[in-house]
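I'd like to ask you about the structure that follows.
A, B, C and D label the chains in the order they appear, each numbered from 1.
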Amino acid sequence: MESALVLVIGVMVAAGVYLMLAANLLCYLFGLILLSNAANLVIFVAGRLTRAVPPLIPKGQEAPLEPVANALPQAMILTAIVIGFGLLAFTLALVVACYRELGTIDSDHMRLAEPPPKSGEH
Amino acid sequence: MDTEVHSGDQPPTGWGERIWSLALLAFPLGVTLWLLSLIGPVREHAPLVFGVSWIPSLGVELNFLIDGLSLLFGLLVSGVGFFVALYAKFYLRGHPLIQRFFFYLFLFMLGMLGLVLAGNLITLFVFWEITTIASYLLIGFNHEKASARRSALQALLITAVGGLALLAGLLLLGMIVGSYNFVEVLAAKDKVHSHALYLPILILVLIGAFTKSAQLPFHFWLPNAMAAPTPVSAYLHSATMVKAGIYLLARMYPVLGGSEAWLLTLNIVGAVTAVIAAILAMRQTDLKLALAYTTVVALGILIMFLGSEASVAIAAAITFILVHSFYKAALFMVVGIIDHQTGTRELTALGGLGRRLPITFAIAAAAGFSMAGFPPFLGFIGKELKYEGALAIAEEPTFVAWAAVFANALMVAIAATVALRPFWGRLPEKLQSVREAPPGLWISPLVMALLGLTFGLAPALIADTLVGPAVTATMGREESVSLKLWHGINLPLVMSITTFALGALAFYLQPQIRTLLNRIANWLPANSDTQWDRGLDLFKRGAALHTRHIQHGILKHYLAAVFAVASVLLLWGLMRSGGFDMAVNWERLTVKEWAAMALVFAGSLVAICTRTPLTAICSLGGMGVGIALIFLFFGAPDVAITQLLVETLFLVLVALTLHRLPHATEVSGTGFRFVDALLAVSVGTTVSLTILAVLQQPLISPTKEYFELAAVPEAFGRNIVNVILVDFRALDTFGEVVVVLVAAVGAAALLRRKLKPSVPHGDTQEEQT
Amino acid sequence: MSSVILQGATRLLVALILLFSVYMLMRGHNLPGGGFIAGLIASAAFVLYALAWSLQEARAALRVSPVKLAAIGALLSLASAVPGLLKGFPPFTGLWLFIGGGEGDKGIPISTVLLFDVGIYLAVLGAVLALFFTIEVD
Amino acid sequence: MGWLLALPFLLPIATGLFALGARRKPRRARTISLLGCVGLFVIVVIIFVRVIDEGTIAAQMGNWPAPFGITLVADRLSAIMLLLAGLVGLAVAIFAQADVDLRREVLGFQGFYQLLLAGVCGSFVTGDLFNLYVWFEVMLIASFALLILGGERAQLDGGIKYVALNLVSTLFMLMAIGMVYGLTGTLNLAALHTALAQVEQPAALHMLAVLLIVAFGIKAALFPLYFWLPASYHVPPVAVTAVFAGLLTKVGVYALIRTFTLIFPADFSFAHDLLLIAALLTMLSGVIGAASQYEFRKILAFHIISQIGFLVLGLALFSPLALAGSIFYMVHNIVAKTNLLLISGTARRMTGSFNLAEIGGLYRVSPVLAAVFFIAAFSLAGFPPLSGFWAKLMLVSASLEQAAYWVAAIALITGALTLFSMSKIWSEAFWKPHPTGEARSLTSLTVTERIQRMLPALLLVAITLGLGLFPQPLIQFCETAAKELLDPAGYVATVLPSRGG
């Protein structure tokens, strides 16, 4: 069952990369969402899949009775999701600020830090 | 050329200046006396070796080796240094930056002394580079002139590049020998000569020496270095720094010398340099520049003679080093006096100064005679020895002899030009009020000139004490040298007479020769100086081109490059590893699992196909739900809930933002991008392959087991994921909270309406538009 | 903005969600939930409130500035490490105190771990809301 | 022990939180930040001394045994990196008091600065792969905030590129870490040392190595992944650039060194080949890029790249001398590069611009500034007897020892080209007269500002000089550190005593 998920990850990565390569920063942002979700799935798959048995220990037991899903990747994903949220939200704010200050979200037209040679060269 | 005149009203000398000038005088004087006291011991006993450990890890010691060769050079550096410092003190009196000048000169002296006394390859190199730095600062001393800055840069770059070659050579040499210590290195001739790396080492060391000693084709920096104040020229560019290359080759002679490559290269490069520089010298009308070119001539001759196995040739070289240092320093200082007193050093503007500057004239004449090689000056002995040596050079005696005669003849002409022309003839109107320089200025050149005369009259004073031991040290075997004024009538004397005749002729025909040379120069496409500019320009343009293509400022191309690199390297890694057997594991999935994956799949595809952001957001939402379901189905309810919440929150945020990006969709290139698609697919594929490769290895995780067993008894929690988050790996969680917090404050800082311009504090950053 | 009914309903809903978030926080150590999830749920409540009413209202309902809330949360988490210091343990060592333990059941646990989780809850809530408010208000 | 190793990040986090809380009261925030930096410096010095005395030290967070809980480790490499972080942190904090404007302070500069230091120190001290990711993120988000703080147009533009490319790196890193776990079942670096050696899946090892090289390579600004650096390093206030230049890329290099000495098997030639090629191209590309620039900070930014090449070169050559050279180079470079950027800021204050065509005259009016620049710049160019020379010497010797002659040649050529750029700055900003007036002299500043600007510069230049004249202790230290890296048995034994190395 991992293989199917790997395929899904492949598609997500490809789609994410394709979107990120657009000049539109909003597209970049969408690509980023795809890619970070893909990354979370990578962790999930790499920790191996276990169907429908969450890593919970029943009351009164000292340890799980049956094999449960791997908890550590889940914890890693949780951390990564929240971190990802912070980064994505910041990026969104940055896009908004760019639009407000530079009047565009087309990254091809953002040439202030590295002006094209005509005006910037000596 | 520029002149520098600092006469007239002088500000009182400050304390700093006094201290520096005192140090500058006391230091070389002390060193000179100390070295003089070592002459006897060094001659009679073995070389003196002393020092301290510096960097034992790298085999670098701060140690010194004093034998005949280093003693001779050390005395030159400190002795001439003392008189130059004395001269400079008067010459630059009142200059606003004189303290810095003294500091640089002091630094240079230190470097030069360390260089010639160093007993370790790396230590030698350290001092070698100190002289480079100090000379850079001194050449650029008149820093407000563009020409001085250019000359300084040129000298720096050429000598530094040579220095790097030298460093490589020294490191290789040390590697072969197994030590950087000179005592061991100098004794390892056979080992080094038979090593496969001998030739590379030789080439690298020669590049170092040739750049420092201004040999063709690296010669042009030296005349340009005349942008430095005249005392500097007198010291660095005649008596000391340029001799560093000579010293290096003499020092390396016992270990690197003697091979055919050594002899031939030194002969040819030296001879060609001497001849060409002599011709170039004839063109100059600036006195200082003419002298500068004759320095190149002298260096060429020295290099030429070091390419010999005959002791007389080496003796000739050693003697000539002394001769040259004395007369050249004296003449430079004379030119400085002329410049200082008249405000010009242009040959055509000068004349008849003999009556106004009688002492200077006498000094100039004495030094000039020594330079021209007239008896009874030391120059004569040097020249006779040179011819004897030239004839003794086994490989190319005729060639070398002719080159020596030719170069010397032109030196005679230039000696006459520099030492006599300005003092003869009619005194121009403008120079009527010129007066003799104060003693502080002429005492130093006088001593230099007198030394040339004294040693010429009594050559025995230096034969056994300085020259002999130096030759011994250079050759690595016991040699005795006898210096005499009169050798009887022999071939060298005949050559001497020929030289004088030719020299007189060249002096007489100088204006015509100059015109001719200028015509040729105009006709030549470029000289090495303009080639330098062109080369530098080409490099700059190349650099600009490189940077324009790599650092072009287009974000999507940056990203494309990164992704391309990643996927290509992943493929390469896969190939290098020999691939893996793909055991694809298509276990049956349930319908709901299929549905969840299909949702993700569809969401991704719609997101790339759609052109309206809102649709994209919705499809991403769908994808998010799909992922959450996958998490849920495979035993991760915590993750599923979080995923759902975060995805929803974020997409709501994006959707709400959209109205503030009204033209969000109106961007260029919205059509299908084939190359990008190709790249995207390859990244997707390679990443998937990586995961598949990882999945081939069965996962054995003691961590998983531990967490499951420890959660309840030790951490008192039944939700293992949560126990990991808040207990087992609480630090991760804490860090993650910090990230989100910073993101929030950072976004707030980014989006907050511009604050009222606050009180400017320090400097405020302006925009760069 | 929206209808009065919706607004009224939201007010109730938000209160319920907030309550639910606290529940999720408390049960997190033993069942799905925890500081993260609870914090996100709580922030969802405020977002909902802001959508139904207005941003200002939501801000006012929160009482403290979200950044301050987040910082307090983070400091609370950090503070949970301090008791360990007093007992000579490394940072983030969980210390447990069971009140009224009995046979089989250890009693009501009070622990630095819970404190840590509460800190996470507040920090996530504060940070998410801060992000939301700044991006939206502007 | 646990607290000692955790304080390098706990203290800046606490200071940072308080400073953020007090950001509306800049004076208080500034004091908090400065005190925090002093405290941090004291802590890292203590750690450094203890590591020298006792060797590698480790601690378990939450008192959970390794490899299950998160481990903090300080071996010699970590200790020296921490020391440098503390030093740079303090120096730049002092400088920032003069150079960062009030507006940015109100927006939270001091807080972000502290949290950046927390991320950096956390990365150096952690012994856990996923925890490393977390610290990378702390550092990254703080650097985002610092970079765009103030929101000028050029800052936003540079910020976008910085953010966009660094997020890609982050995602690659996250994937790679997930997969490393999937391959070995552990995240503990020491445990990974044994676990990865037992992996029988070369394809997975190779591809994970690539992913990590790409992820860390972006952070470290390796060719051809460095675009974000020249695009952004000249846009924020110079204090920010200085701390970025001193520490950020170096964390990437540190991660590379850790990964390919400790985690991956030592005989993994593929990674070393890859790193060698990248290192050489980085050295050349960076220095050539610098030659084409005419702006003070842009030149320095490109040189950062070039010098990253040197740092990675030592790792790629993988001999004791080479690794020791890398570490020595790291120390030298962090000190000299930070200093140069601080000087560029002061130079701008004195002359009004970063553009070399528009400034000049500093040599005459500010001899102290000129001397400090000259020493730092020539050290960077590898001139003896300054620190850069010994660093270069070690790396060049190491490549010659391995008969990698062309590697040595490229290293030396890079040195010459570095000299070209450094002398360009010297010639234009210092020697050349100011084209439109006069440069101000340092004495025209208030005493406070002069101290704030020059104290860090003098401190750093003293280190450069000291390391140049007396390099032996540090070289010896670096040799021991390199030995530790090449034979991690001691590291593993300290973290996992039960396994005995």
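To be clear about the criterion, a contact is a pair of C-beta atoms (placed from the backbone, for glycine too) under 8 Å apart; a residue touches a chain by one contact, two chains touch by 3 or more.
Just so it is clear, the structure is predicted and the values come from calculations on it, not from any experiment.
A.B. asks: Can you list every chain in contact with both chain A and chain B?
C.D. replies: Per touch definition, common to chain A and chain B: C, D.
A.B. asks: Taking contacts as defined above, which has more of them, A-D or A-C?
C.D. replies: A-D
A.B. asks: As a quick test, compute the distance in whole Å between the mean CA positions of chain A and chain D.
C.D. replies: Chain centroid spacing, chain A to chain D, equals 27 Å.
A.B. asks: CA centre of chain B versus CA centre of chain D: separation in Å?
C.D. replies: The separation of the two C-alpha centroids amounts to 26 Å.
A.B. asks: What whole-Å value do you get for the distance between chain B and chain C if each is reduced to the mean of its CA atoms?
C.D. replies: Computed from C-alpha means, the inter-chain centre distance equals 62 Å.
A.B. asks: What residues in chain D touch two or more of the other chains?
C.D. replies: 13, 17, 20, 61-62, 130, 134, 137, 141, 144-145, 148, 151, 153-154, 160-161, 164, 168, 175, 179, 181-183, 187, 230-231, 234-235
A.B. asks: Going through chain A residue by residue, note those that touch at least 2 other chains and give them in order.
C.D. replies: 20, 38, 42, 44-48, 54, 56, 59, 72, 76, 78-79, 82-83, 85-87, 89-90, 92-97, 107, 110-114
A.B. asks: Two-or-more-chain contact residues of chain C, please, as numbers and ranges.
C.D. replies: If we look for residues of chain C contacting two or more partner chains, we find 30-32, 36, 67, 71, 74, 78, 91-92, 94, 124, 127-128, 131, 134-135, 138.
A.B. asks: Under the touch definition given earlier, write down the residues of chain A that touch chain D in their complex.
C.D. replies: The contact residues of chain A facing chain D are 20, 25, 28, 32, 35-36, 38-39, 42-48, 72-73, 76, 79-80, 83, 86-87, 90-91, 94-95, 97-98, 101-102, 107, 110-114, 122.
A.B. asks: Which bits of chain A are touching chain C when the two form their complex?
C.D. replies: Checking each residue of chain A against chain C gives 54, 56, 59-60, 78, 82, 85-86, 89-90, 92-93, 96.
A.B. asks: Can you check the complex and tell me which residues of chain D touch chain B?
C.D. replies: 13, 17, 20, 61-62, 64, 67-70, 98-103, 106-108, 111-112, 115, 118, 122, 130-131, 134-135, 137-138, 141-142, 144-145, 148-154, 160-161, 164-165, 168, 172, 175, 179, 181-183, 185-187, 199-211, 213-214, 218, 224-225, 227-228, 230-231, 234-237, 270, 274, 285, 288-289, 291-293, 302, 348-349, 363-364, 367, 378, 383-385, 389-390, 393-394, 396-397, 400-401, 405, 408-409, 412-413, 415-416, 419-420, 423, 427, 430-433, 449, 471-472, 475-476, 479
A.B. asks: Which bits of chain D are touching chain C when the two form their complex?
C.D. replies: Contacts found on chain D: 1-3, 6, 10, 13-14, 17, 20-21, 59-63.
A.B. asks: Give the list of chain C residues in touch with chain A in this complex.
C.D. replies: The contact residues of chain C facing chain A are 30-32, 36, 104, 124, 127-128, 131, 134-135, 138.
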